């Protein structure tokens, strides 16, 4: 079981609003899972080499050639609010 | 004509002989969906006019049929994979009205091969779940028994194929989300090697684990879809540049010669706690592999018991990062009356995400946070390396590894949702392949006394899908047809 | 406090963000272009669409390596891209791809001269790659977000806290900027925001071993403000300490209008960025071959040029430093020096006359109305006594205003110096005859009156008489 403060701290970092019910719910659930994963601490891994998941022949680079997107207006269409080609936020910033 | 029972190979042969056309097939399937999917709820979006236009466009290229390996084949796409103009919601309220501005590389390749997009299918929200009960829309039902789950997170994709609505679908697999629903729905499901298929256009869950792959009714069909969708494409820095083999080329009589004398690894200790009927079915399947000339070898996988813990730290950490972009600013759901910027973020995300997603985001945030990183994310990555090493050692002694795909058959809707760990244990056999990056395929092995499907999983070396397909193909031929699958029932859906 | 530096020592470290001169962005194919309409230069990757993935711009890496070579850093064969998480409207992914524990460069240094001729060497901590964020503009009814700048490639150059005065900070920045411009890595334009500087400033008693609490100073968006902002902050901290207050570790923004630093609102309550290696990117490999190639292709950098200027043109350290400030200025100077054959004079004209005037009208050497060839001609004209140094200044004024050649101006205005002794003799005689009382005064011992006669001759000849010659002639006629 995680403390209420701990859950609120995580929720703050993750920017998630929680109802009172949810706080209790997550205290329990997170607590249970964290207890379960404690088992990893018993394992000796000091000499373990770094995990590598990306294939060795993967190429991460591209040429410096600008490729304008087909229609940037499509990217704005999904915005909750926009104005004059900008993403619009309501009066929430100081 | 009833197209719901046809496999991809049947369709291609039918088109070749001009028995029917892509538009006919597409129309028939769309009608089937319209009539019967309200019960199954496999699809989240269909656009019949767009699908038929695409079918008509492909027909215009009928003279090039030979060059289009998926000519006229309708494919359903999981709704966490982007297709231009179609929704991409990840079954989440937070992406409710999102329309994809570009198409995923793997789907683009399928379209180039002549495939026709049939619709977007249901999933556990953001691919987090093993039953599709976490969908922000509604749960999908298993066509074999509609009181039961189809598995997850690619439950919609599995149900669509099992119900006969589509000959093939795309799913994504991060911890088993293609293989487990394939197993629960009597299908073939493939998780390719990490880096075989481009992730460009997949709504990311866990970047180092996600792979897209096919769900089909036969091994040949899965091989055909994978050989078309895989490959580099230039938009993903984690994809292998190696040439994608034509997997279907070896799926014939010659395969029997190839698989004879291959060694199949079995880790007996791993099977403890598995449902007895599942175990019995698995053991019978291994017997069949022996009949094919394969040699079972006992292997050790000493660290797989830590796979669940490892997965739940690695995957949730990466997910917490990948889902940070859903903040109500540039796309997706925004809370209606935020009082300040912080409220805009917290309420949009708090209201937009479902409980399982929030749980995982919080777990991942915690595991990456200052002071906890080393003990959680850091440690988990080290254990991950141990698991990888287990498989490296095992593949010195064998060529494929066999296990049940899921410890149980399809459970009842609502049965496991209350305890996270019980649900998570559904993935016990599938998680390790994602952690190790190796390919895995689930093939139907039989049904239990309740007539619910049981799957066998085969895992192979990195980029050795060829061997997996050949073993699976031979096993499938040996096993024979499945009795009364829902796609062959008169109505085409539901047992 | 009147003179804080008497009691306190200033400790300054600088963090510079420099945008790289690439055509497309760091991880996105969208164009890297300043000044476009909002959201014209965006794509799926830099706007953080679901399903988008980063691919590394090879040229950005090349430019970064060039910076590492030019700044004498250790360039690591393997470095790691890491995600830095925070929520802000100009950061669409909710994280910035940066480098954390394993940057591509560590060490390195920048050397420069101060006004008094002394030199400084400031060591660097590290350089790393990262992507820029977009821009938010506040309007009355809300905030507008433009993602054109999101994803533009940056290198962040972090210095050790080794600077001990605002002048050092200013000179360090000028030198750093000039190196980056010389090597075509970055435009170095603070006003356009492609070269940005944050200062970490603290003070401590002279001789103290511990550092004082440091304050981060942001929003310094012009070279003019660097020294000013630091001086203000030092004063503020000194005053606080003198009044027994403690310095709080905080971030302050420079307010140029008010001339003060102000507390900035924190972006995140707790700066837990939750760094971890980006799983979408393999480790960045920079091969020795690449470093070798870039080293061989490096243009002559300011330091090498400065050393050459000192030797070839006999310039002082400081002058050489100023003249090699930019590639364009150095080239300009060399053309004047070579064209006129008088490097020293060329240096004076460029530094004391031209640069001052350009600065006053806000122009750079690229827009000089006076061409190098014409300035060289002017110098030659003075050296050949065609005109006097004083007249030359008048000619220069006209050259600056009109862009014409000195010869054209001299001809137009009939400014050719009169050096013909015969012609001058006549004027000298005339002036002497016209001023008998001054002649008497001079002969009586007021030798300073020599200047009066010279002045009168210059007046008569409209300044065109050769002053040296006039001096001699007047003396001769008065004494003789």
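When the chains are written out, they are named A, B and C in that same order, and each has its own residue count from 1.
Throughout what follows, contacts are C-beta pairs under 8 Å (C-beta built on N, C-alpha and C of every residue); 3 or more make two chains touch, one makes a residue touch a chain.
In this text the structure is predicted, and so the values were computed from the model without any measurement.
Peer 1: Counting C-beta pairs in contact, which chain pair ranks first?
Peer 2: Pair with the most C-beta pairs in contact: A-B.
Peer 1: Central chain, going by Cα centroids?
Peer 2: Chain nearest the centroid of all protein C-alpha atoms: A.
Peer 1: Name the chain whose C-alpha centroid is most distant from the C-alpha centroid of chain C.
Peer 2: Farthest by centroid: B.
Peer 1: With chain centres taken as the means of their Cα atoms, state the distance from chain A to chain B in Å.
Peer 2: Using C-alpha averages as centres, the distance is 23 Å.
Peer 1: With chain centres taken as the means of their Cα atoms, state the distance from chain B to chain C in Å.
Peer 2: Centre-to-centre distance between chain B and chain C: 58 Å.
Peer 1: Centroid of chain A to centroid of chain C, CA atoms only: how many Å?
Peer 2: Distance between chain centres: 41 Å.
Peer 1: Scan chain C for residues touching two or more other chains and write them down.
Peer 2: Within chain C, the residues that touch at least two other chains are 44, 47, 49, 55-56, 87, 89, 145, 147, 272, 274, 279, 281-282.
Peer 1: Which chain A residues reach two or more other chains?
Peer 2: 13, 15, 53-54, 58, 60, 62, 75, 81, 87, 89-90, 92-93
Peer 1: Which chain B residues reach two or more other chains?
Peer 2: 98, 101-102, 208, 234, 237-238, 327, 329-331, 341, 345, 365, 369, in rising order.
Peer 1: Which residues of chain A touch chain C in their complex?
Peer 2: 12-13, 15, 53-54, 58, 60-69, 72, 75-76, 81, 83-94
Peer 1: Hey, which residues of chain C end up touching chain A in the complex?
Peer 2: Interface residues on the chain C side: 22-24, 29-33, 37-44, 47, 49, 55-61, 87, 89, 136-138, 140-147, 265, 269-270, 272, 274, 279, 281-282, 284.
Peer 1: Chain B touches which residues of chain C in the complex?
Peer 2: 44, 47-56, 83, 85, 87, 89, 92-95, 145, 147, 272, 274, 276, 279-282
Peer 1: Under the touch definition given earlier, write down the residues of chain B that touch chain A in their complex.
Peer 2: Residues 97-99, 101-102, 193-195, 208, 232, 234, 237-242, 303, 306, 308-310, 312-313, 320, 327-334, 338-347, 349-351, 353, 355, 358-359, 361-363, 365-366, 369, 375-376, 379-386, 388, 420-421, 437, 462-463 of chain B touch chain A in their complex.
Peer 1: Which of the residues in chain B come into contact with chain C in the complex?
Peer 2: Chain B residues touching chain C: 81-82, 88, 90, 95, 98, 100-102, 104, 199-204, 206-208, 234-238, 317-318, 321, 323-327, 329-331, 341, 345, 365, 368-370, 373, 377.
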